[in-house]
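You will see chain A twice below: alongside chain B first, and alongside chain C after that.
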Partner chain A sequence: MAVQSDPVRAQAPGPSNTDGAVPGDSLSGPRRSGPGLLSRFAPYALLAPAMLATLTLLLWPLVNTFVLSLQNLNKRQLIQHLTEWTGFSNYTDQLTSADFWHTTERSVVFTAINVVLIMVGGTLVGLLLNRLGSKMRLTLGVGLILAWAMPFVAQSTVYLWLFDSRYGVVNWGLDKLGWHSMATYNWTGNQASTFFVIILLIVWGSIPFVAFNMYAGLTTIPTELYEAARMDGAGAFKIFSSVIYPSLKPFFLGTTFLEIIWVFKSFTQVYTIDGGGPERSTETMPVYSFVEGIGNQHFGVGSAIAILTMVMLALAMVPYFRVILKQEDEL
Partner chain B sequence: MKRQLIAAVGVAAMVVGVAACSSSKSSDTASSSSSKPANYNGKTLTAWFMDGSAPQAWQDGVKADFESQFPGAKLNIQIQKWDGIGQKITTALSEGSVDVLEVGNTQTAGYAATGGLLDITKDKADLGGSDWASNLNASSVLDGKQYAAPWYFANRVVIYNKGLWTKAGISGAPKTLDEFYQDLDKLKAAGVGNPIYLPGQEWYTYFGLLAGTGGQIAKQSGSSWVGNLESPEAKAAFQTYQKLQSYSAAPKDKDEATPQQMTIFPKGDVGAMIGLGWEAPAPKDMPADNVGYFPLPGLTADKPSGVFLGGSNLAVAQASKNQDLAKGFLKIALSDKYEGMMAAAGLVPNKTSLNALATSDYAKAAIPASTNGATTPNIPAWANVENTPNPIKDFMAAALQGGDYDSLAKKYDDEITKRLAQKN
Partner chain C sequence: MRRSLFGRSWPNVIALVLLVFFAFPVYWMVSTSFKPNKDIISKTPVFIPFHATLEHFSTAFKAPQFWEMAGNSLLVTVIAVGASLVIATLAAFAVARMRFRGRKAFILVIMLAQMAPWEVMVISVYLIVRDNNMLNSLVPLMIFYMMMVLPFTVWTLRGFIAAVPKELEESAMVDGCTRPQAFVRVVFPLLVPGLMSTSLFGFITAWNEFPLVLVLNKATGPGTAQTLPVWLSSFQTNFGDDWGATMAASTVFALPILVLFLFFQRKAVGGQTAGAVKG
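Moving on to the complex of A and B:
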């Protein structure tokens, strides 16, 4: 969780960065004390632990995954410790497979729906947090934190219970409300309803993060801006589009891209709700990679799918990095 | 306070690390001292058994006998769940972290082909293999070599709640499927929620129904194997399954293990279920005299429906550092004393001479049905079909939920064919 919130914290002070005073101070600090050996290496020494952790925990598995993806590695090769290089045939097999492209398409649509719902829902809750009195804000904040702090598997288990076909409280409630045909509705029985449960779960679990960031961002907007806008006769929508959105543009950008990454690679929720079923119709890329790689014990194929998933995500991030680089040029 | 906590965590982590180092070191020294066979000090034989296989008394007895026959050696029995077992076995065989393991009969050929199981052809006679029933030994043999030893076999029977049946006015077990349907109708009329508990993905029962009519779930075509759900026999067997399933409120897209049907049955609203002996309720949950067994009846009274002949073999890992101990263990575990114990627990033992020991009510129902039993094709690629998501299970769920049989059968035959053709 700590790692996940770091990039946004770097984003959040975005608006205040524009005055340029803060970064200038911190840069001139060491320079003033003279270019001693210690002070010149200090920044690198301070960076080293983080770099080392990143390299060992992220890059090393990544390199290994890539190496595996170039091999024909099934249970026989794994058990006998054989290495059979196959070049890029795992990749060409996937890129020419209809299943792979279906899954890609499904993942993209799935991510888009989730991210839109998360951003809209999170923004609205953030605005609400800003408007509430202190007691209600605390209550809502605690609720959001609890939802957010819940481990994915626990979240999924709760949703499985809620949506259980015979003993679930959702079906019970729908039945009591008069929808008697829903009394034993099987939510994991078809693609649409299974996705409905998964999306609800992911959106519910992701809103607190967006809402808190939104709220944090809103507190940085001076109240004079609102007052001025209201004097000019702006309504709620106008205030949002002319005051809030421009001030918090870096927040929206950063959070949206983070959510794209998290939703696209979300495995736990999708897998625990129905294992990618029914009939493999809710498999997204990470689940597909797991089922082909670990489930069917074709470890090379699974690695190739994982690498392709990463390439896709990297491509999706290109616009984000372009904006970031442009902003740094402007500074 | 906080700093103390951090320090404590750090110390704990270090202790775990040191312990891990020391344990790996000790296992190294154990393997290097194998030149002195008489001394088994410090050696541990790790054996994996599946959930529900070995009765506790069997485990205790085998452990005691093993540790007295090989003084100093320890037997470490670990019980594994069936769910996701394929990957666990692959990892264990690769790492050499298991010495003796139970392998399901449908998966033995697959693991034999990976080279992970020790060839025990030479030891077969010593283990008593000349008396093994040949149909039960078939799954342990690949290309003429013995890669495992048959341990026990089991087939499913109808387990029923006698109290509910009496209340519904039924006397005696049905002799034909039609009689069984009538009984289920009576149970339904008497207000029993689940006249039978049969989830939609219980493919073993479907397989049995299919095998009983001479059908095959996959057939050989030339040198390759192809899915055969499209055959008329498979369709007819499915209709029987569907009819039985229609008497159940169990989910159509789940199997018998999610939730475990043995936890549903004792609740008192289930007239019957199709299960193995170990799934019958424990006496604390339901009095034994309230539980009855009969083979799933057939179309005619002269023979019951076919059954899936499930079973397990015991194999030695190729990567095991204690292969002599492992063979010694097999000899104890497969001795008449312990095979007889398996028979008494209601399982089919590996020697027909021990069948007489199978006197439980379950065994009395199971053994007649087993004569009409069959197992999956004994080819290495079959294990691929059973990898999650199992296409047969997906097929059953889809067809039971109103899908068109023929088009689904085509789709899933293609998937089965694809998996049977996968290179190893």
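Moving on to the complex of A and C:
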């Protein structure tokens, strides 16, 4: 179970990937056993189903999104099977619309707040797991797993109940703590409070993943390193910055990057809390694309927003893939 | 003395606070689903359901098409994950054990595919499925869910296969096995734990998927091709303030995943974690 010993490699493509999946002499097997021609084509035959699936089920919808984004495709055109090409006008419309830029800004801020909270919270919980005795660690671990494993729609449903204005336990608690104006507070009534619920929901559901991986990473750091740092008189912060962070840098880089991608494109949590409301004020990019494209049946416009969202995601990926490509030999 | 006791116990105190923070929503979901209505809509929350009732579960189970959608969810998930395991095992074996031109390119494709923005590809997939007259069918869900979990499955299995010492395979071949035989008889049995934990995350992804099925399968009523996430989200709309029934529905939907997770991750909590993607 080598995968279990390296958190970053196990969770996703990461720059820490140094497991040497291809030992230099791995060719000796097929060369000795198989007939030459057959074994030369064997890898391609093995990859063929996966490649075929990726081309037809992933690449085609991607290309199709772009093709659709160049069309004026609304309910009427859809029903009458009309194809009206409009060039890049869907893009120019978006790029000159205030709604688009507001949504972009909102998505970026939303992502930044979430990712900072997730990474800081996950790191601290991971450090705590490492300090706890085994029984307490198991207890907290069960709690983390419960939050982690909850399906998205169930998460949202429970949060709506927790934050229900009349009978929700959160309002009851705030009232009991003396904040009486919150007794019947409507959390989905305005932008800030709706975002508060969504962010709490996402952070709550995302910390366990980071915490477990952080903890798994910490168990791989030799205790001698801590001892040496402590003998040099290092405090907690110094130990973190001079021992833990350098040892787990690939973990921090890889996980932060993954969380940026996941949060930026998260749809289900945002949509199921209030459908991007009130009055579209909590729409992030994926929800905006969905509401325009599917909800308002402006399929061309929605596709253009989708492509622009993908461009933003791609820009976020650039620094990460530069690191990966630098370490290309280790793939 | 008291101070030093606190010094030793503060991590435990924080851990208990965090335990409440993470577990409470799940506890609240389950406990609400067992409470009679007068305890749910009371001015003071009832924290322990002393008067447990199953009426909310029977409301949820009797909701139109519940069993049909539960069957749909299960069928779609099992087929999508099964198909992706087969396809991924072949590809992962090639990537982990063979050296060939285009190998790195393939790995990059897999890494990129893992980031695929399915959430914004819904419009495109909807129109493709519509053009093929396959709206309100389970088949497109199986196919696209398979693709959603495929990159992660390849990536994880690659690690598991690479971890099996290749000497085992070689000695089987020295003993007269062909390479496929060596894989099936020697490598595959060692991969079973890896296949199980990999399929857990595939299972969760497919069980969770919401935007695509929401758009593709709008038809309700008998013969519906909707799955449980859509059922739960519309349940809440349909049952409005009936929080007991809504929480019972949530519990029923979440329970298979919670049980699977606790079961498979039991060891992981004590020792190491098989980190994985839940995105």
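In this text, the second predicted complex is superposed on the first by the 272 of 331 C-alpha atoms of A that agree within 3 Å, B and C clash if a C-alpha of one lies under 4 Å from a C-alpha of the other, contacts with A are read in each partner's own complex, and residues count from 1 in each chain.
As a convention for this text, a residue touches a chain if its C-beta (ideal position, glycine included) is under 8 Å from a C-beta of that chain, and two chains touch if they have at least 3 such contacts.
Just so it is clear, the model here is predicted, and its values are computed rather than measured.
Visitor: Where does A:277 make contact in the superposed view: on chain B (first), on chain C (second), on both, or on neither?
Guide: first
Visitor: Contacts for A:54 in the overlay, against chain B (first) and chain C (second): which applies, first, second, both or neither?
Guide: second
Visitor: Quick one: is A:120 in contact with chain B, with chain C, with both, or with neither? Answer first, second, both or neither.
Guide: neither
Visitor: Touching A:295 in the superposition: chain B (first), chain C (second), both, neither?
Guide: Only chain B; A:295 stays clear of chain C.
Visitor: Who does A:165 touch here: chain B (first), chain C (second), both, or neither?
Guide: Only chain B; A:165 stays clear of chain C.
Visitor: May I ask you to decide whether A:153 touches chain B, chain C, both, or neither, giving the answer as first, second, both or neither?
Guide: Only chain C; A:153 stays clear of chain B.
Visitor: Thinking of the overlay built on chain A, is A:95 touched by chain B (first), by chain C (second), by both, or by neither?
Guide: A:95 sits against neither chain B nor chain C.
Visitor: With both structures placed on chain A, which of the two partners, chain B or chain C, ends up touching more residues of chain A?
Guide: Tallying touched residues of chain A, the top partner is C.
Visitor: Looking at A:144, would you say it contacts chain B, chain C, both, or neither? Reply first, second, both or neither.
Guide: A:144 contacts chain C only, not chain B.
Visitor: Just to be sure I read the superposition right, which of the two partners does A:64 touch: chain B = first, chain C = second, or both, or neither?
Guide: The answer is second: A:64 touches chain C but not chain B.
Visitor: Counting contacts the way the document defines them, which residues of chain A are shared by the two interfaces, the one with chain B and the one with chain C?
Guide: Correct list for chain A: 78, 166, 294.
Visitor: Which stretch or stretches of chain A touch chain B in the complex?
Guide: 72, 74-76, 78-81, 165-166, 184, 186, 188-189, 275-280, 291, 294-298
Visitor: Can you list the residues on chain B that touch chain A in the complex?
Guide: 86-87, 90-91, 93-94, 110-111, 113-116, 249, 251-253, 318-319, 384, 387-389, 394, 397-398, 401, 419, 422-424
Visitor: Can you check the complex and tell me which residues of chain C touch chain A?
Guide: 11-12, 14-15, 18-23, 25-26, 28-29, 32, 40-45, 87-88, 90-91, 93-100, 103-104, 106-111, 113-117, 119-128, 143-144, 146-147, 150-152, 154-156, 158-160, 162-163, 166, 169-170, 173, 178-179, 193-194, 204, 207-208, 210-211, 215, 229, 232-233, 236, 243, 246-247, 249-250, 253-254, 257-258, 260-262, 265, 268-279
Visitor: Under the touch definition given earlier, write down the residues of chain A that touch chain C in their complex.
Guide: Interface residues on the chain A side: 1-5, 7-13, 19-23, 26-30, 32-34, 39-40, 42-44, 46-47, 49-51, 53-54, 57-58, 60-62, 64-65, 68, 78, 125, 128, 131-134, 136-162, 164, 166-167, 169, 172, 204, 207-209, 212-213, 215-216, 219, 258, 261-262, 265-268, 271-272, 285-286, 289-290, 293-294, 299, 302-303, 305-306, 309-310, 313, 317, 324, 328, 331.
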